[in-house]
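Just dropping this structure here.
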């Protein structure tokens, strides 16, 4: 690894859920870039370390948003950042979603939990260029209503269909219950002419991808985002291997045709 | 984080059944002690000062194993007063040398050794702190390594995970370019099944590792024993080799049918 | 940002230039032991750190040399799976040993390296400073042909992709390679079955072949680069005579047939790629210590992790890189736990990466057949045998 982190200043923060925060950041000096939807940065919390975080919005002026869930020491440090805090960033890294693949097609976005964060810039980009695509549908699943992110914003997306479901509803919940795959029936799309983008826990990705392929979406057009340990993001540390793939370089977004045989092997 | 007005995190160092050597490691951090005293309030550390400030404590370092019913109660109280509890040394993490009693009849010892056995109030086993309460981190070694202790304290102050790798001593031998004493000399060595952390000192002086940091999490001890036998140890010698400061932990690793998951 | 474009890797450019130079001029010469000593002195005078084989603690290790006296004259090695002993030789040869416990990655890709440091100012400002510094200019003396190929493989991994490891790239650029061809392969060597062989074919500045006969103790020298030619010109040497050349080439040629081991003659990439569920992995896991020695001694294993080092004040942080191994439980840690918890899955990862998925990732095998992993495995796990067992299992499955 040879790239140095460059300073970015936190200029806004929003608590999405009790354990998830969205930080809006701007370059404190020279900007990195440009990022494409689905690409990630190595984000450095001073004194704690670096973790890979996908961009959750691409904003004017080289501003970025990152949405972080508190799961370890570094993400705790990032979640504690306040406006004015300085973070370090390296990137952009990874393949990105490749929205170009969906030109002229129906677009189906399926997210589980915080998996919606990397998909958000893709949704923004597709909606900003509506005429280039067919029907755009977004299916969102979460464990509980408290785990839903971008709640207000997602209601306003002018999609053909946006559905939300939770596994464990609370008393005030009046929406859908159950796994996100239940929503596939609600979305209108032509399977043979659809490109799907999936991000979430591995079991959710597997179940959704299999269902979509069963319905006739070509496996290579089911784009999934995978996760492994990542230390360098430049293809040199070996940690993010998944069989033949170095996920920092060849992923983290890959086609289901590539991912399925790999995910079928235990402990790969 | 570094504003002077801020209340300093409170550090406690307490001991159960142990020799005090691991606590001394902290006192031996001469170059860093001043800096440490500026960053934490040393609220309870009898080895250094008789002044004891009341809990709760932000970070408690516990040395020693649980060998009496009183210890078992005391460690629960300590846990309740501690935000982070880190055990230090082979006694606290594996029961220590005194866990040899786990393989023997303690009542018999009591009868044979003491004139008034009824004065001796002890449990039949010596057990690690983690067998009694939740532990946030276990720092291995007999004694612990000074650099690793500072890393644990610094990491807790910085809010990060301590960087204490759980790999074998072989890693450290290779990193410091020590020629493998088993492969090149036929010397019995516990390095391949022992948690790194000492810096692989013994092999650097031509000796086999004798496991004072205890077995690593993925140690395959049954696969090493035939090698110790090949290199001249009989069954009794192998048993003695494994029954030192981490006797109970190696014993568990030797007979664990499912050691590696 | 240090971004190397595709095809701009140091190694490739350098290796190509060398191959052309060799093809054009295949200059040869003969030097004696005094000439070898002069070579070391010249390199040292040029400001280079000369690294070569020397005896320490019962093994031929790699260390800094200040004269040819430190070379392992009269020492050979007796190797087997999990076994290494030095043995005395009567012929006084200096390069008749094989598979020591280190490889050149010790110097090109060191076990721990500071990458950058960060200061946090009173206002929270973050200042990051590159800490790589100036890299030593090495000359490696006695690089085996298998290790030349291993260096070329690490070049592709660490400096041949979209990003380059700057420290590696700079050390590699500055390194001069003097090969020592093999005339005494060890019992754990299998380079021929990995499409290599005992002859140095590319990537060297000078290649030496040790020749000992009634006519004396000498080295047949082949020039592989302009830098090598300049170096040769600076030391006492003679025109290569036919006897020396014939003995040198003959000795190397004979060595081809004296490899101690061989990989089974199957397509290893396909075999390993098709064997993730093989039963052999369970058998292997029962014997494997998961100590990671194989990855540390392997000349191509490159995996590293990072360390965040902070001081007690909390205002200064450093980023270090250190060797890591896929045999470590934490290697595959993602929040929630490690992906590869079983010894089976970790050994499978290593062997499959080395022989199969390395092709997908970096365009070649990751194994050069040096035999170090076989020799230095404490319990003597022999990858050629493991692969043979996988192949037999596969064949059995195909027959059914």
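Per-chain numbering from 1; labels A, B and C assigned in written order.
Just so we're on the same page, a contact is a pair of C-beta atoms (placed from the backbone, for glycine too) under 8 Å apart; a residue touches a chain by one contact, two chains touch by 3 or more.
Computed from a predicted structure; not experimentally measured.
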Neighbour overlap between chain A and chain C returns B
Does A-B or B-C have the larger number of C-beta pairs in contact?
-> B-C
Just grab the chain with the largest centre-to-centre distance to chain B, centres being mean Cα coordinates.
-> A
How many Å are there between the centre of chain A and the centre of chain C, using C-alpha atoms for each centre?
-> 40
If you average the Cα atoms of chain A and of chain B to get two centres, how far apart are those centres in Å?
-> 42
When the C-alpha atoms of chain B and chain C are each averaged to a single point, how far apart are the two points in Å?
-> 37
Multi-chain touching residues of chain B, meaning two or more other chains, are 158, 160
Residues of chain C that touch at least two other chains are 308, 310, 314, 341-342
Indicate the residues of chain A shared as contacts by at least two other chains.
-> 47-49, 72
Within their complex, state which residues of chain C touch chain A.
-> 1-2, 115-116, 118, 120, 124-128, 130, 132, 157-158, 161-167, 276-277, 302-306, 308, 310, 314, 317, 321, 324, 326, 331-335, 339-342, 344-345, 349, 352-353, 356-357, 360-361
Which residues of chain C touch chain B in the complex?
-> 56-59, 61, 82-85, 101-102, 106, 111-112, 285-293, 296-297, 307-315, 322-323, 325, 327-330, 341-343, 346, 375-379
Interface with chain C, chain A side, in the complex: residues 1-7, 28, 44, 46-50, 71-72, 84-88, 227-229, 231-232, 234-239, 241, 243-246, 249, 265-268
Over in the complex, which chain B residues touch chain A? Could you list them?
-> 158-161
Once bound in the complex, which stretches of chain A touch chain B?
-> 47-49, 72-74, 76-77
